[in-house]
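The following block contains the structure, expressed as structure tokens.
When the chains are written out, they are named A, B and C in that same order, and each has its own residue count from 1.
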Amino acid sequence: METLVRPTMCQHTTLRVPTVCPTEFYDLTTHLEALVADAGIRTGLINVQSLHTTTAIVVNENEPLLHADFASLLDRTAPTDAAYRHDDPSVRTVNLTADERINGHAHCRALVLPSSACLNIVDGRLRLGRWQRVFLVELDGPREREISIMLMGEGGQ
Amino acid sequence: METLVRPTMCQHTTLRVPTVCPTEFYDLTTHLEALVADAGIRTGLINVQSLHTTTAIVVNENEPLLHADFASLLDRTAPTDAAYRHDDPSVRTVNLTADERINGHAHCRALVLPSSACLNIVDGRLRLGRWQRVFLVELDGPREREISIMLMGEGGQ
Amino acid sequence: METLVRPTMCQHTTLRVPTVCPTEFYDLTTHLEALVADAGIRTGLINVQSLHTTTAIVVNENEPLLHADFASLLDRTAPTDAAYRHDDPSVRTVNLTADERINGHAHCRALVLPSSACLNIVDGRLRLGRWQRVFLVELDGPREREISIMLMGEGGQ
């Protein structure tokens, strides 16, 4: 078997997303599909990496009631009104800022979700199943968020 | 330091897996190892991406009683018999199909598990630790499932 | 638009980490940054893969009280003192070793955390947000742990 080898290329871009709710599922898919089309990569990978510690990148269905179910699950996992040592000014000494947020619950929710997604590019398109969409999950919004996106693969027709 | 650069190649394949249980840990490892061997890639990455929203790809041990423990954990996380808005026909309007499944619990379980795994290829072999195996996790079976697999890296001896 | 294509290179290294606690967040970031700097890769990916089934690789903040919150969450998710079939010698027959550990809880915690992290390399540096650090999460320590790290991308200035 012979394998035709085309040059591999890498392209990076940064995406800024303004979220509007405390918990939000922001659909990145259309934007990612456009990036893949523009990159001219036929076969390869796209790595979608959030640059924050109270967000996540997940792949699931874009159905609003399901997102309400997801929000309920996250709230059971790490309730907003529970006590977090991260939020206790009487003991905390590390990484304190002037505008410190009460967000221990958001960090805990981020812990059990992926912070990035590596997805395949096939035939010049982002490979996703019928119901799959890629989301930035906001866990401590509203905020302006930043996502680092790397595309790597073979170009050509 | 000089680095010898060999051409990088990308290869994609799709794997179909028939699951037989509602919750199942289907071991993909032997198949993935064969794909790596056939690809002729010496150093690189393999990205194993499920194309579904009620499955996951996880790396853990292949021990049947452990998988029963995993199933119990997933059932505590998102119980089968809880109420999910995704499954409520009195309010749901989006993405409805003729053969709609009652599977809010399965989506919720998928949320807290990875939908893909990016693993290293070293010395021409899938790099895994002693007890590591790669599983498709079925959360709403039995179904025929599809997995997209990208291999990328340097060939040669 | 023309894209300048430089040769892509792949480099692999193994990192050994001695953990000292049953549950521990071991910060790998400084080491990973040094690996990226040494590799001479300007644009690409670094895939950080734990080789164990009772560890995880997560990206979050390095704040000790937050790690105590994380440990509490993991203990609620899969309590240390709950009953796990994986730990029941009266029924277990598979993968038994002479020095078998009581660690069903650790496997269950690993299930809901990522076992690897694929991160971007931009302008010759590991791309991380202001508060992001990369951790090996020890779930059944203290142990000596092994991490497989692949760097892939374009070199040059």
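Here is the rule we go by: a contact is a pair of C-beta atoms (placed from the backbone, for glycine too) under 8 Å apart; a residue touches a chain by one contact, two chains touch by 3 or more.
What you are looking at is a predicted structure, and each value in this text was computed from that prediction instead of being measured.
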Chain contact graph, described as a line, ring, star, complete graph or other shape: complete
Interface numbering overlap (same over half, different under half) for subunit A and subunit C: different
Subunit A and subunit C: spacing of chain centres that average the CA atoms, whole Å: 18
Residues of subunit A engaged with two or more neighbouring chains: 8, 45, 77, 112, 114, 118, 152
Subunit B contact footprint on subunit A (complex, rising order): 3, 5, 8, 43-45, 58-66, 68-70, 73, 77, 112-114, 117-122, 127-132, 152-154
Footprint of subunit B on subunit C - complex, ascending: 7-12, 40, 45, 47, 49-53, 77-78, 84-86, 88, 91-92, 94-95, 104, 107-108, 110-112, 114-116, 118, 146, 148-150, 152, 155
